[in-house]
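In the two complexes that follow, subunit A is the common piece, with subunit B as its partner first and subunit C second.
Let's turn to the complex of A and B:
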């Protein structure tokens, strides 16, 4: 999918720059992208990639150093007041009143937007039903997954047209995460534009389009399928007795473009002229790693991301594997 | 403005749900008012005194009896000589030594002049100073008893008798003086420090992030924070006045209107201080430490314990910029003297000035830090 026309974009970012420290590395450097109306857009990147900074600028909480950004055609600096009525925001950290009950939190956020829970109940009904049994429980006493659901309800109760979610699934159990993405899908279907950030690559599959963010730059942006198709290189999974020694040897192997740990295995990408997996296998045997299994695999989003980062800078190679969450 | 009502609802709900704050607001006034006036009594009683009577005359016996009978002194020992008495001082068993030298009464009778020696353990300056003063007063009294009338004493030096009168507080009842001052400190604590902690709490919990993306305006948020503490401040001074009546029988000589007008205005000022503290800090811990530091200065320079007039000149200049010192003065004035709004008008204007300055500072700092 290519860039959407201006009138269709819910979020539009052009040349956005932000640095927190003078002369330090920028949190965002010359960032440009668009999110179409009704799109479920994923910002994927490791911690410190600039996801939160970007979302805070778009939700009018932070001013950019340079560049412009608009939400629903409204400028984030000039029209911040109108934007605040249009967007829903769920910060990365649970930020509702812990000493107010579930129902009181929801009612409070409805009233400050000049509406009522009843008027917009249909928007949250699906999610709120699960919270209903705990409606009189203090928000601080809810479980992690329930807190996320309440936060989503509170961000939705004023019927926003754009929803910004900053790492909504971080620290939430796998079942609740799956649930949560199901809800986001249904919200998107009801016409709400959603921009969601996550450090989890596997969640990319749930988004219409994703942007891979690294060091304040977008290194790739497309639908998952298109991204996999265009960036996929021949990838091998290597499995053996002493994983750590194998990883080190593979990284030292001249035929290796890059190699990183992926669960129990290592994912390996070779140079074109390296003689393929047979040569790598022979090299490992030579290094004394008896039984080593090498098989070709379909690269996943993480392979694509690491490949792209590798292209960007060789130094990032070691760092990336350790920074990326892969649950 | 309609938002403000919802915010206030939420704030009061949260405050009433916070047991610690409620306890602070209700128990703090009671404890402070009950404990401090009783403990912090300047009147030093039961000063221990050792009497070295080397005269053993009827006059010296009378003097010793007089000292022993007074409320101020407690004769702890009657050592035989001065050296023994100094050992008692070293052991910390006595504060004062009164030495009546040999032939005291004979010398007094023959020449009309005799000396006594008074030595004090000045480690505790207050006890030493007051003890000496009381002892001197007692000796003077003793002297006048020996010569009931200067005329009859024939050739004696006429004595000048000084009668003292304590106006407004005739019995120099210390709680009457301390309690109104404590009321002022109480209002300061609630207004400046509980409010700043409450605002910082929102920062710490991240709830301010969520508030910032709503259409709630900054002034609504700030007013929503300050109004409840303004109300709580007035509530705490009310509780304080009830406690003062029940425990000490103190009731303002002036009108409640004067007290509430001043309290309401003073609270606006200290709430500004609270807001200012909250803009300087990010965690409740920082806010607590900063508050503690400011509170120390406030209390020490408020004239609550030490009269401002007896401070060095430079400290008096600082105290002139210390809002609690005015409020302490006002509450004492209304309670003890029955000062009226008209009497206190200059102070009212000064407090209004403080309120304006601190709130301007707070709003300026709040804007600057949350661009």
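Let's turn to the complex of A and C:
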């Protein structure tokens, strides 16, 4: 649309800072990154990492304290009116009219953006087909997954060049989540830049690149494959009876670098000189945990995240693991 | 685009059955309450008579009072001590004292004197009761004057302008109308806008090319129509059920009501810009607006009787001006010339409030 020629990044953020409370801990501190045109970019981090704040600044809803940000070459402060014309935004909370029907919501948002459902139907056809059987149902009576699909339709109906999605899959069942990500992939293929935030680590695989956000800082940014490749830390999965007691003991074990709960198991990373899994296993037997299985695993994105956090700050150990959302 | 907004807002209103019921039921309930239940008419007051030398005139006047629906004759007494015993027992509210030779004085001197004694332990009622009696006596006197020659005057001077029958039920209409418009206009608009903030839809609307003016006016139109429907309901009830005498300039009244509705809508917009929660919006509209509206409109308490500071405050309360307009048009049957000043005040207030709401509308979160 009205993108500047010299820049081929859809979103550019430089030294962004934002605090809600004066002198309090910042929601964003000195954030810088770029999202290329046509990229599916994931912001991944626990609640309170600053994802929503960042998206709100980029969608011109909030003003940053310091730093600059631009969308399609337009400044988020100076050119906020132009930006509002060319982005699509889906807030974290379901924000459509619950007392209007599916069709009425879509028609209303089309009108708000000065277009019609007919004119841009091809953009949403793929998604809207699934909603078609419920077109006269009130939006408030839809299932969680359906609501998100409708919200996506409403955010897409005006053919935005950049799409901002704030935790679109939170509170949505796994099947619908998969479905939703499939849609995002197809949208990206059609040339729309997408910036999506999520607390779910497993969704990182669907993004071209991801940024791991923690306490308002980006602690890593790359494609998932590159991140996993550079992590290269020997990781073990520990399984046994009384998982909580095992976790406690492993954290007290001097050979442990860090350990966190992952579903039914615990993921464990040991110090190099700790004697490997055999020593850890012996330690656990000594503490009265009979049958304990320890096996080596391929680290996943969550291991990468925890590892990075561990490096970032020792005092975050433990606490952060419980903050992480996973399926 | 604008009509899409109005249509959407209209759907919100129509689909929220409970609110719609309140919006349309409130005027009916208020009118019924004020028209019938909360009437300040005093009917069937017992009265006694001191008439030591009864004659034709005193007997006729006593009968006349007894016939009216305001009074019931309960007995003759001999002196004032007996009056007091009636009053103490609550057996009578008013005593009528005829002089000896009432008939004679009336016929030959052309005038006479009557004493009305009222039980002033309840001053409002006493006041009302004695004015009713005065009016009935005055009517009787007027008939005498146009009667056979030689009939004379009784010196009671009381004139009840604009409401000669002392019927109070429709006197409430302008006040009730003022309050209903104030309440609905300000509360409904502010609540509906704040609802968009609370539900997050405002966030989505902000990230769109839409002008904030569109949100504001799109909200105002359906609520304005609703308030006008309420005005019509009130008018239908007043003329159809409360027997309000015709002769008021109805188109003028509707035009003035529209202006006042605009004032309240603008006030609602200002409130909605200042608060974040529907509960707060409702509380501010109810407590912050309804109370001063009630107190300072002049509808319940005469403004002239208030201490000066309160009188000054009353000037900034929009209901005061609209009440003045509505009662001038509906009760006194005055034309536009009589209400120019309050009309201009309301226009000014509306423009000022619209300016404030325009300036305080937040472009961001």
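Everything below uses one rule, namely that the second predicted complex is superposed on the first by the 321 of 327 C-alpha atoms of A that agree within 3 Å, B and C clash if a C-alpha of one lies under 4 Å from a C-alpha of the other, contacts with A are read in each partner's own complex, and residues count from 1 in each chain.
Just so it is clear, a contact is a pair of C-beta atoms (placed from the backbone, for glycine too) under 8 Å apart; a residue touches a chain by one contact, two chains touch by 3 or more.
Computed from a predicted structure; not experimentally measured.
J.: After aligning the two structures on subunit A, examine subunit B and subunit C and state clash or fit.
T.: clash
J.: Figure out whether A:248 sits in contact with subunit B (first) or subunit C (second), or with both, or with neither.
T.: A:248: touches no partner chain.
J.: Output check: A:97 vs subunit B and subunit C. Expected answer is one of first, second, both, neither. What do you get?
T.: Both partners, subunit B and subunit C.
J.: What is the contact status of A:89 with respect to subunit B (first) and subunit C (second): first, second, both, or neither?
T.: So A:89 meets both subunit B and subunit C here.
J.: Between subunit B (first) and subunit C (second), which does A:81 come into contact with in this model arrangement: first, second, both, or neither?
T.: both
J.: What residues on subunit A does subunit C touch that subunit B touches too?
T.: Overlap of subunit B and subunit C footprints on subunit A: residues 59-61, 63, 81, 84-85, 87, 89, 91, 93-100, 104, 108-109, 111-114, 154.
J.: Can you list the subunit B residues touching subunit A in their complex?
T.: 2-3, 6-7, 10, 13-14, 17-18, 205-210, 212-216, 371
J.: Where on subunit C does subunit A make contact in their complex?
T.: Within the complex, subunit C contacts subunit A at residues 1, 4, 8, 11-12, 15-16, 199-201, 203-210, 363-365.
J.: Which residues of subunit A touch subunit B in the complex?
T.: Counting only subunit A, the residues touching subunit B are 59-61, 63, 81, 84-85, 87, 89, 91, 93-100, 104, 108-109, 111-114, 154.
J.: Could you please specify the touching residues of subunit A with respect to subunit C in the complex?
T.: Counting only subunit A, the residues touching subunit C are 56, 59-63, 80-81, 84-85, 87, 89, 91, 93-100, 104, 107-109, 111-114, 154-155.
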